[in-house]
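Each of the two complexes below includes subunit A, the first together with subunit B, the second together with subunit C.
And then the complex of A and B:
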């Protein structure tokens, strides 16, 4: 599939590359930066894949680098390539903390090793960090043939090729615990008048497992589709179709599971069972498109007096239960690029002008439910400006976190942990949090 | 005390004697380092060499000295040396013989990591000497008792095949590869399958992979749930290409694949969708719930990284052509987010218009409002696409046929009037869209006269026409509009374009010709003659020349006036029904089979992209068609000549015949009024190309 995988700097100049097939040569990798520039000049639409001279470039942009795969074949599975590149970034990130130009340069040896194990002949192989860490470690290993020191030798763990390829055997903890975080990200687009144009809830159930041995876990949720056993066999085991009587139950859409979840068991019996990888992972994700009302609402009024000043008034309100608190609330309101001399008046929080984003940022460390705060900002505008008044086309962006609360009402009913051999007591912990997604905006 | 001092001194010496390589790492320094008696120094030197190799410096001159370090007990160092050898072996083929021994012995190392590393590297080196020795290690590793080594070895067969197919046949390892399909370990099975596909792509006649897959379907289905995500993809790919023998088998495949629609890996999801779609037609009954599951799976791809979203959107575009009802209820998910990259936004707009149910006025109105918002964006290309979408939306809604829908077209026209007034930089696309809408409304009963009058007033007031439009299609539509809807001072409006006639695009040239001929009564004779002259002498395009010749003749005959008028009667212009393009059936079929591949993202089937010989064939076919068209033209023209000569005898009875023939001719050469119809004609291979090339293809 992929003939080359390369890390490039912010301009597209190769930092490190690994060849998997010899039908593409190094100069083609070096050509990437020129091609990229060319494409960008040609059009502002730059799809993540293009071809030149029979070589196809697929790239992903991440922090200040590009990660790209090259191939000659058009029958290559491009979704796999992109999924792999993202996975590669994740794995490297877990090894070197931050994936950026400098860390790639500093850790070239470990990255070569990772590339070696994650892909062979351009086909993705082992991509589970937990497993890779078993035999690619930052330290170097000495090979010894003596039986005594056998443990220290880097060997591919036998579980690597087992059906449970994500968990090594023999993990031991003194205290066996499993932490469950239910995180819901809200994406919402509103008009200035408060009409919700669209909204969705993206949920993630994140598990941090600190459990010994090979535990088998069973998760119970209050989802309609899950656990309402439906006797009709083939036609409607679909969560969407199941009866709508029970109000306490909710409907989750497009559920996605980590590879440890037994999919066929879920398909047939609607039970979520799994042997978890060690440490943190996303067990499942879901989406809900039920209409919701804004949790944090801002009434923003902008008055532009062309050639002299601009006035912005904003009232922010937390439309959540009185006992709930929204943390780290950030309201980012765009202002024209040529605005200057800011002055602010506000009843609470902290405000500043962020010229590099052409916006003002209003921050609260905590925002009590039901409370309402207001502010006024005033900017000067240059008296001479271009013929066309610059339009405020960017939306108001809002960020927040509300702990102990889920918008969808999803609840974990139980988490059963069973380890057939060790039979230990274990403690499941559950936390809920609702936060803004990457698109919680008010259109101006 | 004395002993203590001695130990300290010894340690100091020990540190001092293992010299470090300076950061600069000059070649001589590295060479000395490589042969240093101290292991730490040697390793340090190798690291520095790899670092320089990474940064693009040529360090191949150190090859012999690096080789000396390959026989080491240190895994990290071994890996680095292997990496170096793999990179530079081809520059020193004669020295490779020195490492062959290490390769062979490493392939028998007790550590599986080393075994697989050795065989992996060995099979990558395109040096004959090495390949001579590959037999034993390859055989050994193929039969290794560690699956980690076996899964590496099966891929090595494919690598070796790429380097030297004859050797592969000679060693008979292809048979080992085929029997690896029944290996007990799923990862080995998946890699063997991947290797077989690669070999098949290199030499289609070599192994009958299809047969192998069909023999192993049940096995594949069984191992599917035990594989890693990547191995699943390989197996699912094969299952999707498998032509099942009976509906029962298809049913079983679909049942086993459906759970994978909920896998977290987007590639597993998309390939599962493809696999199910491929087997769908074999099923006796398709439950509605299956379609729902496919829809949700596709929707879920919209919450993945943007690059994958892009792939998904391009694929959804293909799937929708074959299964138009699939995502009907999921319109909202495709609304544009402000922080989407532009390439995703553009694809989303396309999908939105296609998905929109034309009979749901509320949704249509909502989308219209949304599109108006998009049209206020700052990015030129996005706004252009948004404006185009508005006109596509209007036509789609009006096709809904109800009264309330009729008014919609008027609302849209008003929007366009405000766009062309407020946003000068988008006149090109607006003009094209207005042209589309007017041609859609060729019976003139949906758009009210007030809007029409307003349009005429605005557009005819534009000055410096030669600079207003940047695209061929834009100016072509402008001329069409001017010559169809206004009659005053045509000459002054068109003159600036005539002056730069040779620099104009083909469509604009043709539009000028037809416009001038159509309005031959309202323009001066010299103006008309000038255009005819330009078209017959200065133009290289045969169609334009032919048309110009024909018109010239028509105008010069006795009742030419009448002939021309009848030719340009507006009711004769076919109505434009849709501006959404679709794939041709054959094209759609191959694209569906290639979902999730690079070719599906380019909208170009593999057959078109890969086999050059086929390309030539296609071009030849095109030529044939073109020749055919030209021949027909010629015959018709000759006939006309005959008829024109005969005219004197019985003009009364024959003239209608002439007209019919001319009308026929018109259909062949392409009426400029129909410019955009080319878009919805299915015989275009490349739907993503611009209007202009489409039109050229058509002609």
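And then the complex of A and C:
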């Protein structure tokens, strides 16, 4: 139950705020910027929520703004609040493309409308963009098509009374298509010696549906949890065979589904069925923490000669199938802040010094599987001998994308689309990609 | 219409001219729209004074316009400025009522919201009438409007509780009947719960089995926020009557742990954890589900990650056999993590440590301890290493090695923390790590803060045999005796007397006399003075021929009184755990403190009493599956470590790893300085302790 939701600028000054309950007053919102400053000075740990004068401030940071929720009640569910604020940002983003100070100022009326519709008396309501568009009358520059619908405003929309709260009725497309993207992000934490401290695969199945009517979709994956339920009974007497089966069927841990998926059906029968919302959404996410070999491995050696120079040698290797190619590979290696006069030697790619990040960036537009390249960099260091040798605590960061390939081996077996009334032909499309996650790093 | 002009501070007359000017129908509409936009923008910028002068003009526009957007802005205007214009509110009321009668659902909702958000008796009177009408008329009215009306009841309750009660019973009937639209039912139960939260004289909301099952059946038909809300409310709102019923409720809730929305996941988790208080056993599958879904949430945006981490701490602390089994490597700090995340991860690592994974965790902590970017984190990791050494005897050797390695770093703050920690380790394992002691005196110049100074003095005094010239260090400190802080002074006096009793030589006598006379003659602090006089009297008793029994040995025994063993316990008091468990995902889970400590006058949540409530959590076994053996196996060991010593206090500063060092019993205060300072701070305690103290024998 939020009493206030406010958008604030990078200093915490409110840009606009919507009041839902009258137990918190406007000055409390204005106070946020001062409190924020105070907390930051007090300690280096500023958690995303604090309280002052009996009022709880919960905020999330996004680009150059803060989105803030205020409440007086202790029993408020802060998880819901944070989840809601992030959802709010997503929704606003769909309307105004980029959520930042300027776009908020420019679109304040529409944001007021969004705030009005998404929350009532501090309780989150409808948050699906497609559903919201039924209610939001205001035009933003992205919202040209709904001009027609504006005439129907007086008619009470019946959509909320449906059992499907995320999809309006009467959607029509000339060509019925569903696009399925399987995206796997790899997070890895490695030591310089090549020991993998942590590795995980974060998968997302993203659907872009352009389908008419109320289609019912059924997704088949080669996941063990989903597929081997039928033959699990036969598994026990013939353990040898079942082991072979395991190789082709992988097990996905920690599945999370969009609200449109019938969870009880999944729990009982291990079938993923759903009526999709219109447009793009994340159907499911999964996580696998099976140990994996680094896909792109860098052997980095740093030699510091205090007071004179620093030498960095790096060998990069793509440990993927020979047929596969990694695109947009970027290797970011930290160098000391006071390093100067760089000189590089490298066999392939493109290399440059990025002084603002205190690092060197080694880039490849494509990197074939099994290949190995090396480089050597040389920097001068100021001769003033500091007592402390420059120690590089920042990690080496690696970015890459590998198309047509999933590390986990997950595959879409089928996507059945059925619309009971319209009975149209539809076209499912599937793409796979593996990429580096936010934390694909080698500790130095 | 350029937007830049909209966000500009206008004077009232500048806008008024445009607002009232009459120029054609369509053009006027557009112009008025622009004007109102300017007004709202000015309100956002806080230009209340100028804009409030336009009240009458806005009302006029409102009267003639039918455009929804203009109406909406008018409502917005009135809501914002209502408190400043109490006398003109009468003007607006008929307009709002008129909007309510119009056949536009959206306008009705806006009007209803305006009606209930203005604090004025005539408004709330009308509001009540309309809400009643809308709620009671089941068929014609649209669902969103009815939902808005139900939510508005909370507002009525703030003004007139008795009136609202009438609707309260109506909502209760509605839930019992259960034939309404799902989203309406959820709105109803939300409002009911608010009723109970708002009114302290009402008990916690309790619903019947029928209502509970009705509502849980809706899951799947309602949207994600409603689902999250429902699970939140049902925690404590329904008490299962039998074990099998509780199991059934758990089974139907489990699928929702797979939701993409983190609010739904955490609230479902909370509901299930609540239900485990009413079951006779916990399935091992549940532990796996919990752990899996929590780990998956760690990839959400930072703020949510933070919450999940806090709740992981809560779950780890709350049960003797934790409901979750997590892999420590998930909590290794990333370079890009903000400090509040790193900090919480560190705490989890500390809690997750056990004899098997400790070396892995120690390696990670060592890495974080040398993080020169963040001194606070670095100190905290060293503390965690030290505490782990005390907590796990088998791996203490490795912990000490890590600490010594850090010591070689030679950075001041690291050295200080390491020495503070080594003191505890030396105390816990008296003869195991004596080789450490000779390494320490060389760092004496790095030691600045009080705690590590005390630790150094303590180590030197109690391990003087390992050192070549222990008195030398002591002499260095005693030269600055007057400028030291009280804790250091007290400890210096104590250790000088100890040295003297141990070995009566010229040197020790000289040192002892110097400190005692400094403490009694040149010092203003009564505690230090009393302390010094006490030692002085003790020493003079030894030399006194009229007390033949009181010889040097007796004095030494008194001074070297046995110290209690250091124990580190992370268990919380059962009532605190219980309350925290009921607050998974709420604000309290961030502070990890019971509500009474953070916010006064708020009623803490309680587990509803039931014949099947498990009072003793440790007797609850986790069954099925082979992996369960380690979780149940822990039970027996843990019993020994549970402490009764006020566990609530442990969590006061939640940014430090939870720990307790046993306090000395009241008669042997002399040998440790810390207890003396505790007395200084708490006069009430002092009084109590004094009255309990037995007379000298």
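Convention: the second predicted complex is superposed on the first by the 404 of 444 C-alpha atoms of A that agree within 3 Å, B and C clash if a C-alpha of one lies under 4 Å from a C-alpha of the other, contacts with A are read in each partner's own complex, and residues count from 1 in each chain.
Keep this in mind: a residue touches a chain if its C-beta (ideal position, glycine included) is under 8 Å from a C-beta of that chain, and two chains touch if they have at least 3 such contacts.
Please read all numbers here as calculations on a predicted model, not as lab measurements.
Put subunit B and subunit C onto subunit A via the superposition and say whether they clash or fit.
Clash.
Figure out whether A:263 sits in contact with subunit B (first) or subunit C (second), or with both, or with neither.
It touches subunit B and subunit C both.
Regarding the shared-chain residue A:287, is it in contact with subunit B (first), subunit C (second), both, or neither?
A:287 sits against subunit B and subunit C alike.
First (subunit B), second (subunit C), both or neither: which does A:348 touch?
So A:348 meets neither subunit B nor subunit C here.
Let me test your reading of the model: by the given contact rule, A:208 touches which partner, first (subunit B), second (subunit C), both or neither?
In the superposition, A:208 touches no partner, neither subunit B nor subunit C.
Going by the contact rule set out at the top, does A:106 touch subunit B (first), subunit C (second), both, or neither?
Second partner only, subunit C.
Quick one: is A:371 in contact with subunit B, with subunit C, with both, or with neither? Answer first, second, both or neither.
Neither partner.
So which positions on subunit A get touched by both subunit B and subunit C?
15-16, 19, 21-22, 43-49, 51, 56, 58-60, 73-80, 82-86, 108-109, 112-113, 116, 120-121, 123-128, 135, 153-154, 156, 160-161, 163, 165, 189, 197-198, 200, 202, 253-259, 262-264, 266-267, 282, 285, 287, 289, 391, 393-395, 438-439, 441, 443.
Within their complex, state which residues of subunit C touch subunit A.
Counting only subunit C, the residues touching subunit A are 3, 7, 37, 40-41, 44, 68-69, 72-73, 76, 79, 103-106, 110, 113, 117, 119, 142-145, 147-148, 151-152, 154-155, 181-183, 187, 190, 194, 197, 220-225, 227-229, 232, 252, 254-256, 258-267, 292-293, 295-296, 299, 301-304, 306-307, 327, 329-330, 332, 334-336, 339-340, 343, 364, 367, 370-374, 376, 585-590, 595, 598-599, 602, 605, 655.
Quick one: which bits of subunit B touch subunit A in the complex? Just the residue numbers, please.
Within the complex, subunit B contacts subunit A at residues 43, 47, 50-51, 54, 56, 73-77, 79-80, 83, 86-87, 110-114, 116-117, 120, 124, 126, 146-148, 151-152, 155, 158-159, 162-163, 185-188, 191, 194-195, 198, 201, 225-230, 233-234, 237, 256, 258-260, 262-267, 269-271, 287, 289, 292-293, 296-297, 299-300, 303, 305-308, 310-312, 332-333, 335, 337-339, 342-343, 346, 370, 373, 376-381, 594, 596-602, 604, 606, 609-610.
What part of subunit A is in contact with subunit B in the complex they form?
Its residues touching subunit B are 14-16, 19, 21-23, 30, 43-49, 51, 56, 58-60, 71, 73-80, 82-86, 108-109, 112-113, 116, 120-121, 123-128, 135, 140-145, 153-156, 160-161, 163, 165, 187, 189, 197-198, 200, 202, 234-238, 240-241, 253-259, 262-264, 266-267, 282, 285, 287, 289, 391, 393-395, 438-439, 441, 443.
For a test of understanding, state which residues of subunit A touch subunit C in their complex under the given definition.
It is residues 1, 15-17, 19, 21-22, 43-49, 51, 54, 56, 58-61, 73-80, 82-86, 105-106, 108-109, 112-113, 116, 120-121, 123-128, 135, 137-138, 153-154, 156-158, 160-161, 163, 165-166, 189, 197-198, 200, 202, 253-259, 262-264, 266-267, 282, 284-287, 289, 391, 393-395, 438-439, 441, 443 of subunit A that touch subunit C.
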